[in-house]
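Note that the chains are named A, B, C, D and E in the order they appear, and that numbering of residues resets to 1 at the start of each chain.
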Amino acid sequence: ADIKIGIAEALTGGAAQYGVAISNGFQLAAEEINAKGGINGNKITLVIEDEQGKKEESINVFKKLIFQDKVLMIFGPTLSNSMFAAGPVANAAKTVVFGTSVTANGITDVGPYVFRNSVMESDVLPVTVATATKHYQLKKVAVIYGNDDAFTKSGYDVFKKVLEEQKLPVTTTETYVKGDVDFKAQLTKIKGSNPDAVVCSCLAEEAANIMLQARGLGIKAPFIGGNGFNSPKLFEISKLAGEGTFVGSPWSNTNPAPANQAFVAAYQKKYKAEPNQFAAQAYDALNVAAAALKDIKLSGDIVADREALKNALPKATISGATGPFKFRPAKTRSGQPGGWDADQKPFIYLVKGGKFTLYSSK
Amino acid sequence: MLEQQLLNALTLGSVYALFALGFTLVFGVLAVINLSHGAVFMVGSYAALALVTHFDAPLWLAILGAMLISGTIGLLVDVLILKPLRARNAPHLIPMIATIGVGIMLTSAAQGMFGAEVLRFPEETLPAGEFIVGNVHVRALELAIVAIAFILMAVLFTLIKRTQLGRALRAIAESPKAAWLLGINVEGLFHVTSFVAAALGGVAGVLIGLDFNAITPQMGQPILHKGIAVIILGGMGDIRGALIGGLFLGFAEVISKAYLSSQMGDAVAFGLLFLILLVRPSGLFGRKLERKA
Amino acid sequence: MEWFNDFWSTYSTLVFSVGVHALLALSIWLTLSCGLLSLANAAFMGIGAYVSALLTLQLGWSFPAVLLAGGLAPALVALIIGAPVLRLSGVYLAMATLAFGEVVRITVLNLEITGGPEGLNGIPLLTEGWHIALILALTLYGLARLRRSKVGRAFEAIKEDEVAARLMGIDVDRYKLLAFVLGAVIAGVAGALNAHFTFFISPREYGFENAVDIITMAVLGGTANLIGPVLGASIITLLPELLRSLHDFRSFVNGAVLVLVVLFLPKGIWDPRRFRGWLQRVKGGRA
Amino acid sequence: MSVLLRVRDLAVAYGHIEAVKGLTFHLNTGEITALVGANGAGKSTTLLALSGLLKPARGKIEFDGEDITALPAHQIVKRGVVQVAEGRAILTTLTVAENLVLGAYTRTDKAEIAASLDEVYALFPRLKDRADQFAGNLSGGEQQMLAIGRALMAKPKLLLLDEPSMGLAPIMVQEIFRTLVEINRRGLTILLVEQNVRQALKIARHGYVIETGEIVLADSGENLLANPKVEEAYLGG
Amino acid sequence: MSDPTLLSIRNVGKHFGGLHVLQDVSFEVPAGSIYGLIGPNGAGKTTVFNLVTGLLEPSNGTIEFMGNSLVGLPPQRITHRGIARTFQNIRIFKEMSLLENVMVGMHDHLNYSPAAIFFNTGACRSAEKRARERAFELLSWVGLEHKSDMLADNLSYGDQRKLEFARALATEPKLLLLDEPVAGMNPSEKTILMEEIRNIRDRGYGVFMIEHDMRFVMGLCDRIAVLNFGRIIAEGTPDEVRNNPDVIEAYLGKEDEA
């Protein structure tokens, strides 16, 4: 029998640019798995629904997938906010929900059925900042982040903590809001504070504009970014403005590992476009689930199968586009049994010639 | 840094003003808050982009083309939707809701055609030119935006205040019935206004798309939001108001980001707007006729 | 029965949303019936949602108490800003209330206790179907009574001509404030209900677009009487769900439907006068 | 004598209710014709239909030999049919002078327009005093003057007047009627709707009496004045 | 017999910026009589009404109603004191039915509480019922009862005036201000209205009206004040005013048309 898997991503609305890439990643992975004969002979079918990046819509989509389509598990949703609303629904229905792009703190507090392979900023940023500080001999940095978005704000919170821990003084902290395209006021202020580097918790599209406008204003300092920077788009747009940027991330299109190169090539072939980290993580996520599914015998009783998957998934490991992957149990605030976070080692990249290059300290 | 910030404020303010010009024109003449103006602005950007990338059109031609395309959309919206609504005496919020629908359609059509991700003009099409005066970095494109905003404002303002056409437009704005009786082709002028306003929105889209270089199906939303603030701050349908309101908002935003806190940029801008409205209940240039009975 | 269970577990949230949206549409209907184009109701909903969620999460208040607070908190705010703001009219009022909403949203965004942009999560599921049904029924009944009383007539009169209304002995300022505050109460309670069945709230849900959505529901449904807003809320909420199978074309069709409805039913979907017209035509045709 | 306007079986409806139920009448070139009737008889409705602001349910309107039934309002004005509407339709947010200049919207000759403006100011000096004020601030009677003056600015061939004397002081009413006679003598055809029935019929060559949307009497002005039925119903006994 | 003074206007002036619309205007409207205010267009008559009803504040002078100053009171308080008016440029509630229009006028006299509204108490119901009946009465008085459910907007001009008249009466005023009540009515309708206004006076109300129709004014008013360029140029009985050369010159014109 086919294995029905639900995909709930934002395919329209403001978060569509991420949701669409994610959904592409899933479809590519499903195709590859099915082309190789499926899982223990069972083909994967994806039920893809648009959750529009809205919380009520996510709940509705989750309920439809769980109770009406009776999917085995759900991937998604795109935004952390939506996961906070829809995650409890899946958890209460004892159905695995697997987020690939939800990085906010507390997501896996929702319950034991909640999984994610999105690497948390708190795993990435300390290393990134430390490496950059050493490389550039940084004395002081400026910070800019998007303050109305859960993703960039929680990234900032981590940055702030890391900078405090590493005793790196901050000259000024600037914010912008989603949809802003003009960052010159903030950048002019940053320029006036004369930092050695600019720490940036932003999504790639905004980051590219920030870099361009920074150079336009005569800021020479290099950038340090988190997860959000990780898209080939960054350099398509910012060209050489991003030279010298440090990025910590589990994935890069230039990572030479064969699994990754195969993914990048397959993606380009299918979609005539460069993949990004969102697509890569989605691609890997489906492969992780496939690995777990291999080990269980599906009974056809949806309740039992869902439970079996929930028990098998934590043990699944793969080596995918984002490198070796395994889960680790989440530490929850309340002490209740929580879900599962990614346990993955990030790579540090330095941008050279408009490309991510794996950084190795001399 | 102050000089740089003042320049930043001037350009941002001009961007708002440029967007608001067409918006306020429709508002002033048709008395419709056209919530599809943001989407038309977005269409302008994509149209120019498509002309440049697919047809290798030079920039000036692309801008003209974008004006034509967005203007046509404005015209179609007026002919196909607003005109029947006028004929049916729709209550005043109804046309606004229709334009919300149009906005949704345009946005999803753009996403269908161009995808959800951010697109850019190819670098070689961007007008180069950047100079440094003292400590201030200026780009040619920014100067162009400022200049165009001011020029368009001046042209439109003179047109409306001093010409027979302008008087006719104001007559329509107040009472279409009275205008018909004066021999004014009211429907015709509604169409023209819709076309011109949308074309202006289209130009704004191209210029701002070029300047900030981030074209997405959603790009019209945030600026629409600001645009509403601008035209109401300036005074309903007032052309000067669009410019002054735009500059005001630009300065409020930039200065509060620069000297207070960037978190507070919008809060300060909207807070000030709130206060200004309390003092001037009809906006900066709006006036209320005092006569009551 | 099993069919119903399946249906209910899939669509209960949707049904809840219809109820909450109906409340919101009624809240704006109330202010509109007094001629006030207010965009503050989304912000009032947000205040109700945050106050109630915080009371539940931090102080563990009982649900009825939380709902009450969710209605009263925005009412208090409305009372304070009402006096200065309601001197404005038309789009200027819309703008001032919109600006107020923005300030509220940005404040929530920058406060510690509200969780900033990450919002509040883990709100327990306390709202049940009958809560919404009861509150909606009470609201409908109350508004229906109001409409037929001198208060309702005063609202209408103010909407049409403030000066003439004053000269009929109506204290225009007080009645406007009344409409504004009552609208805030309804919106606040709606927000409180919503917060307790969606597990999560964040500042993004109470911004400009939502304010416009609320107005759309009321106006699309028709503002001639109370059926309109409820109908409008139902359609706007259910339409995306009904169109789900269209996938890529969904939001395009959604927009198109909005345009078409407005185009062919310009007085709103529920338009008693049109119905009367039809009736007359039918009668006339027979005679 | 030539017929300037010919109306055949004109019917106008608001929704399902016919307010005008098949009027047939004509106006001779160069004459004043009066249309009188009680409140709600359908006089204003008729005038609005003639100007193209209401679309007739049936019937035909011919102006100067041309069928204008289906023409849009501005085309009708262009052909020289100008109306001073009930309720004046003053543009309150424009100044008095701007209102007047807009009256000449369909004309192009600058010099002639200026001459017309002087004539109007000569006729209503009060308007000249108030030229730069917003028309909305004018008193009721001043607005009435403005409405008439504005219509004259169009240099009409046919002037439709809907209760021009409404709200005017007696001295002004006399002035208006004198003016109407004067401009009529210069060749302008006038259709006059008036509640001031006595004066209207005095200056009108022909008159029609309409009741609930139908013409019930048609005769010369003189005869109508002398008609006991008219006397009783419209002249207050 | 000397009627007590209902409305007294003393030394009132009003200017808009530099434009002096009223200067040193004084007169008194006695109870139980019909008082007329006439004068050329733009003389300031409507402005006087606006001052009395609180839509405008006088620049100087005093306005008293039954011995109490009205200056500075908002319009609704003045209505409450017992003054109602009609407008020269008709201001009815167009989207409401005729019946509702009149019932709005009774606003001040419907004293039920919010709780009564919600629980639909007997008191509330009977008050509404009475108001409805009274509204019908008023409508039939002006001859519009058969149109009571119609939207006011669909009335012809003359009918709208009648509706406004009924609505003003619904506020149960002690003094009724009428701004050109018969504009747009034909002579026979004027005669009917004349009777009605006399009726009102005879019931002890005061009527204060502006009108340009001389037959109407002269036939109806007990006293008349004449305003020209913002100043009172004559005051007295109709006969006195009619024969005043200043009035003839400024307002009536030479030939007596009526």
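Here is the rule we go by: contacts are C-beta pairs under 8 Å (C-beta built on N, C-alpha and C of every residue); 3 or more make two chains touch, one makes a residue touch a chain.
Each chain and its UniProt protein: B, C = Branched-chain amino acid ABC transporter permease; D, E = ATP-binding cassette domain-containing protein.
Here the structure is a predicted model, which is why all the values come from computation and not from measurement.
S.K.: Using the contact definition stated above, find the chains touching both chain A and chain C.
M.R.: Of all the chains present, those in contact with both chain A and chain C are B.
S.K.: Is the C-beta contact count larger for C-D or for D-E?
M.R.: Higher contact count goes to D-E.
S.K.: Report the inter-chain centroid distance for chain B and chain E in whole angstrom, where each centroid is the mean of the CA atoms.
M.R.: The answer is 48 Å.
S.K.: Centroid from C-alpha atoms only, then distance chain A to chain E, rounded to Å. What do you get?
M.R.: It comes to 74 Å between the two C-alpha centres.
S.K.: Suppose each chain is reduced to the average of its Cα coordinates; what separation in Å results between chain B and chain C?
M.R.: 29
S.K.: How many angstrom lie between the centres of chain C and chain E, each centre taken as the mean Cα position?
M.R.: 41
S.K.: At least two other chains touched by the same residue of chain D: list those residues.
M.R.: 137
S.K.: Hunt down the residues of chain B that sit against at least two other chains at once, touch-wise.
M.R.: Touching at least two other chains: 108, 221, 263, 266, 290, 292-293.
S.K.: What are the residue numbers in chain C that touch two or more other chains?
M.R.: Residues 109-110, 163, 248, 251 of chain C each touch two or more of the other chains.
S.K.: Provide the residue numbers of chain C that touch chain E in the complex, in ascending order.
M.R.: 142, 145-146, 148-151, 153-154, 156-157, 159-161, 163-172
S.K.: Write out the stretch or stretches of chain A touching chain B in their complex.
M.R.: Residues 11-14, 16-17, 19-21, 147, 174-182, 184-186, 188-189, 191-192, 205, 208-209, 212, 216-218, 233, 236-237, 239.
S.K.: Can you name the residues of chain B that touch chain A in the complex?
M.R.: Interface residues on the chain B side: 1, 4-5, 8-9, 11-12, 15, 108, 111, 115-118, 120, 123, 130, 132, 137, 139, 208, 212-214, 216-219, 221-222, 253-254, 257-258, 261-263, 265-266.
S.K.: In the complex formed with chain B, which residues of chain D make contact?
M.R.: Counting only chain D, the residues touching chain B are 51-53, 72-74, 77-78, 82-83, 85, 89-94, 98, 101-103, 105-106, 134, 136-137, 150, 154.
S.K.: Contact residues on chain D for chain E in the complex?
M.R.: Touching chain E from chain D are residues 14, 36-41, 44, 86-87, 126, 137-142, 144-145, 163, 166-175, 195, 197-199, 232-237.
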